[in-house]
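Lettered A, B, C, D and E in written order, each chain numbered from 1.
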Amino acid sequence: MLEVRGISVAYGALSAVRNLSMTVANGAIVSLIGSNGAGKTTTMKAIIGLKAVSSGEIYLDGERVDGVPAPQRVGRGIALSPEGRRVFPQMSVLDNLLVGAYSQRDATQQKKTLDQIYGYFPRLVERRTQMAGSLSGGEQQMVAIGRALMARPRLLLLDEPSLGLAPIIVDEIARIIVEINRDIGMSIILVEQNAKLALNLCNEAFVLEAGAVALSGKGKDLLASDYVRRAYLGI
Amino acid sequence: MNPSTTKPMSYVAVAVAVFLAVLLPWFAPNQFYIHLATVGCINLMLVLGLAIIARAGQLSMGHGGFALVGGYVSALLSMKGWPPLLTLFIAGLTAAVIAAALGWIILRLRGVYFVLVAFAFSQIVVLLALDMSSITGGANGLVGVPPISIFGCVLRAKPQFYPFALACALTTLLLTWLLYRSPLGTMMAATAENQRLTESSGIDTHRVQVIAFTIGSGIAGFAGALSTHYLRFISPDSYTFWESVSYLTMLVVGGRDGVLGPVVGVLVLTPLPELLRSTEGLQHIIYGTMLVLCLMFVPNGLASLVQTWRSRQRVARTSAAVVAEEVT
Amino acid sequence: MDIILAQTVVNGLMVGMIYVLMAIGFTMVFGIMRIVNFAHGEFYMVGAFLFAILYGSNGMPFAVSVLLAIGATALLGLLMERIVFRRFRGNELNGMIASVGVALILQNSALLLWGSSARTVPPVLSGVLSVGGIVFPWSRLVVIIGAIVAVVLLNLLIGHTRIGRAMRAVAQDAEIAQVQGIRVDVIFPAAFVLGVSLAAFAGVLMAPVLSVSPFIGLAPTLKAFVIVVIGGLGSVPGAVVGGLLIGLIESFAGTFVSASLSEILQFLVVIGVVLLRPQGLLGRKEREA
Amino acid sequence: EDSVTIGVHASFSGAGAAFAEGMLAATDFAAEDVNKDGGLEVAGKRYKILIKQYDDRYRAADAVTAMDRLMIQDGIHFVVGPMGSAAAVATKDQTTSGKVITMTLAFTPRALGADAPFAYRPVITTGEFSDPQVAWLAKNTAAKQVVSLLPNDETGQQIGVANFNSYAKAGAKLQVEYFERERVDFVPILTRILMKADGLELGGNSPTTAGLILKQARELGYRGPVFVTGGDVAAEMLKVAGKDAAEGTYVHLPIDTSLPDTAAYVTRFKAKYGQNMNGFSPFFYAGLQMLFTAMKKAATVDDTTKIATTLDGLSDVPTAMGKAGWTGQQKYGIKHQIDLPFYVGQIKDGVVTKVATCDVNACR
Amino acid sequence: MLEVESLKRSFGGLVAVRNVSFKVSEGDFLGLIGPNGAGKTTLFNVISGVLRPSAGTVRFLDRDISGQPANQTVRQGLSRTFQAATVYPEATVIENVARGTLGTSLTGLWSGFLSRKWRVAAEEKAYHVLDLFGLRRRADLKARELSYGEQRRLGVAIALASEPKLLMLDEPVAGLNPEEAAELASVLRRVKSERGVTMVMVEHHMRTVMGLCNRVVVLDHGTLIADGTPADVVSNPLVIEAYLGKEAVDA
């Protein structure tokens, strides 16, 4: 589905990602973990096209996309639930979700996805007409995830989806990730600070340190690795 | 906390610049240059006033309104026989008091809203000056405003007025510089950047902004009065919307950070109309084009070129330090 | 006296509608691009001029002239967006000042191109409609109907269509709008051109009622300012309410007191609105924390 | 080759541009005439006439700067301008102490005076034409309650006061109403003031504004007489207001196009600039004709004191507008106001016809 | 130290906080938990003066501070952090923290006009705080150049720079990985013991809450549903149902 070959990304003089490679198989869940500033978000931005790579290549379904602008990549089936939520503050919850479906014009499909999202997050039904900017932090997070789902992507990028959510909702999110992955075979890249959750959910995981892959492997294996346990699970 | 730590080099540069400015009357080919320099000094004060307001995160498009208030106050009082040297300060004070009262109300507005309301205010000042013709002379303005005199020396001719204007401008410049380095200046910068955070650090940001608006507008009042005593004339047309725009332009073209920006902006834009004065309609097209180009290619103002260079050095230093740390 | 009162209200609403037309384009460009467009009135001027030349001087058919004038102005707007405004999106201050530069350029180019003397356009409809003693000049009724149609269509477009939603999304967070698949590089110019076309439309409507010269742009821009502050920047319904309110103030102050009072009254209204609702009558406040 | 430079000091940008262009055109024509014959012959030498124009952007401070530049930088002794009243007043000290001969368009009475021995005004202002015209109109239309709408700026305020006095002298009452300059909608004010008026005075407005007001007044059902005692408005006003609305309106006619020289000037302007002539332009042409006459007579192009004295003494100089001289001793304390005939016209069937010829004392 | 009494705040028809009362005593580390949208941030906003209460009172150090402007509350010794990263993006990290010291350390707005002592003092204080948070080597970077997690830490550092007696933290460890969360927790613990700062924390990261807090209150739909020791609260069935869920108990 997605292949990233040796990309490097820099902010001015500061290099944030160095020579990073990873592949996401069709229908796989891949986790990215790493400490603050390791370059996880930057990697996600490079994949969706918000940040240009300075070297390396990105392939989507075998086609090279690293020169393609973000909206076109979205059109080809990638969606992102961004770090820090970034909902459209002056639009209602419903409008936020509908904007998410911008590249998905089929009205009946839209309606179906919307109902599905309302099913996942009943809270959003109550808040349907409220401006997203006045929602609580966690409610906004739900909007952000829902908005990404509205595009019915084939590859979903989730940047810290559990951030600021109550434990009970975190469980819910985990369940949803598994469910959409299983039901419609959506591929998912999951960036998480909650390494335990991430490693439990994924097929494969990459540990990022200082912009490069320090370790990779099956989620379960990493979960058992001493290094990961010490550095990322706090055990 | 200004990143631009002053180095001995800059002190030397400043001293040389001041020295040249003081000597201008001796090497200027003719008095026209002195006139331009005087106008430049007055513009500098106005732009510095605007810069102080901008420092606290607001932009005033009503700046001309305060200059107009100052001009009329000083003209009217001095025509009643008050010494102009005193009325200059009264003019500044009056503008400041009005700014404080108005600012207290309208400074709860953010960004563009504030710009527009301040602008509306200046329109009203012009209208009042037009309507209260028994006091202000209406549209014809006031003629025969007395010249400033200091210790019996009457500043009527250009070479006499210029040193006084220069002294006023340099004093304003120095005070602004001191202000920017002071805690209050830092609070202004903080307020501009993130008002909510500044407020949660225990700083009354509304008050900080009102103070900045008051100081800046007070300076405008003083400068307006100064100009009135120089031209010995004031009318409602003296400070209109376009004047406010031109000060803003100088500030933006020069740069908003620090005191260097206003100086550069004034130095570039005061003589510019002279180059174009005889080109009829074309001059505004050229002026507009330059303005747009400037904003497009040096969006933080000409003075920012210096800052960019400095910060590049800073990044180079920091990344070197980080690398060094990581290696060891 | 009752007739006068009614006539005053009608006059106010008529003038107000004209202001509304100016203000909605202005507020829309601000709402989406975050640019206070001081050159808005210059596009109004260009639209009026082109119409005056095509319809007034060259005698082209009315509908053709309207379309050509608006189309050409829109093209000019597109050009300006591509060359200048696109670089100032979201940069409120620099964008505002750059627009002053553009205003200077446009106004003086018109001066060089078309000369300084005023032109007039023959009225499309003349005469008055008189209902129970209240007079509605036909020339103004045309303007009002045109304005109403434009406002309604625009509100539908922005509030209830996919494109409108995309515009609003781009306005609030362009980067994130991109990852919804929205082509920001298309939406911004589209919004700007739409705003400019509204101004040109206002110019076309007003050309037969008033006269056309290179200097007619500033006054409506300034009015638009006041109106959007009252109504709430970026809010189209706000612009409607603000425009009508200003129209009524002008009409009542002009009829019963004096013309110069109306400006001062308008300022007091602005201050009052600011004191009570800093975000404007229909503007929205963002959440505090 | 020797030369004399004439400065043109006016507002070439903004709403006053048409006036400025008229002033520049007049200077241009006057220079062209002289240069065509090999230059101005003064004391046996021929001087080519050069022109230097500066824009004062309609701001007092800029006016001072521009005047300084003309005087100091360019060493010019003769200036066509300043244009606006503020500019004229603000530069008065400068030009007086620099002994620069100026020909202003400013309507303010303060532009002329004993304290400004080098300032001349080659155009006829309200101060001159108001009294005789109003007297004639009041007599011929029997209007008693006249209302006037004027822009709230220097020209408007000045004309308002002058007209008020003239109407009072003629035994009628004038009520003056000021509006903000940008206003284009007069319906509210008209609704109120036309209720008990039997005359509408529009003098002092720009042609388009006058036309707009006239049109809106007629739409509101006003049928009384309309006067425009000032400016050169007829043609433009007709276009804006339309033939029907303008019918019967009395207008001030600054020039008489039946004079061959005047007609020639109008044609020349139209041919060169492709625009209709600004009504003030030929006056400056006439003023320069007088100035050149004075230079020849005084036999100097530098000694402005001598030239001014000579200029003061001129009368019955043949110009494109007829024979001209100076007046104004009584009114301004100095004889620096041009003395030319002017006219009252009436619009009939979309054409302006001359109905009276006036001078400072009376219309006939 | 802090007494909240029958506090209520509504937005239009929506009651975000209803009739909430609790106390914080000196030396406490109080956890405030509850489902998303329960009203925790709103409660913070009302206490810190960002929002006015619709009803009820807030007392801090025996003074009524309900509805008082935020800046004044801060000067009396109550600081708070924000849920989203809130920093001065264009200023350097050290400037960010130094600005945090200004509101509370100066005698008047006009002090330090001529002398530069205030600045040295402010930066010295700021470096101390940066050391605590392990941000010293980032001191000369602009805040916007930091990663999200670092910005959040910087936010806490700025709040601490005002030397509060009571510090209210809104989700301080959100966005940090467990190791960093543990690190920040130990920083907070140290701050508390060294500087004697009383703390209130909103947090969804239960391990941090359990590790740090001596008392926990739980909000649900704007109402206080539990108040007690961490151990009591997590075993409270109401809390489990509304907030924790079954699995999370052992997280």
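Just so it is clear, a contact is a pair of C-beta atoms (placed from the backbone, for glycine too) under 8 Å apart; a residue touches a chain by one contact, two chains touch by 3 or more.
Quick caveat: nothing in here was measured; it's all calculated off a predicted structure.
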Hop distance check: chain B to chain D, minimum number of steps through touching chains? 1
Outermost chain relative to chain A, judged by CA means, is D
Could you tell me which chain lies farthest from chain E when each chain's centre is the average position of its Cα atoms? D
Here the gap between chain D and chain E, centre to centre from mean Cα coordinates and rounded to Å, is 73
So, what's the distance in Å between the C-alpha centres of chain D and chain C? 36
Distance-wise, how many Å sit between the C-alpha centres of chain A and chain C, to the nearest whole number? 42
Centre to centre, by mean C-alpha position, how many angstrom separate chain A and chain B? 49
Hey, what residues on chain A touch two or more of the other chains? 14, 134
Shared interface positions of chain C, touching two or more other chains: 108, 111, 218, 222, 260, 263, 288-289
Listing for chain D: what residues touch at least two other chains? 13, 17, 152, 180
Contacting residues of chain B [partner chain D, same complex]: 30-32, 35-36, 39, 127, 130-131, 133, 138-141, 143, 227, 231-235, 237-238, 240, 242-243, 273-274, 277-278, 280-281, 283-284
So in the complex, the part of chain E that touches chain B is made up of which residues? 48, 50, 69-72, 74-75, 79-80, 82, 86-92, 94-95, 98-104, 106, 109-114, 116, 118-119, 122-123, 137, 140-141, 158-159, 161-162
The answer for chain B against chain E in the complex is residues 1, 3, 178-179, 181-184, 186-187, 189-190, 193-194, 196-205, 207-208, 211, 314, 317-318, 321-322, 325
Would you pull the chain A residues touching chain E in the complex into a rising list? 11, 14, 33-38, 41, 83-84, 123, 127, 134-139, 141-142, 160, 163-171, 193-196, 231-234
Quick one: in the complex, what on chain C touches chain D? 4, 7-8, 11-12, 15, 108, 111, 115-118, 120, 123, 126, 128, 135, 137, 210-211, 213-215, 218-219, 222, 250-256, 258-260, 262-263
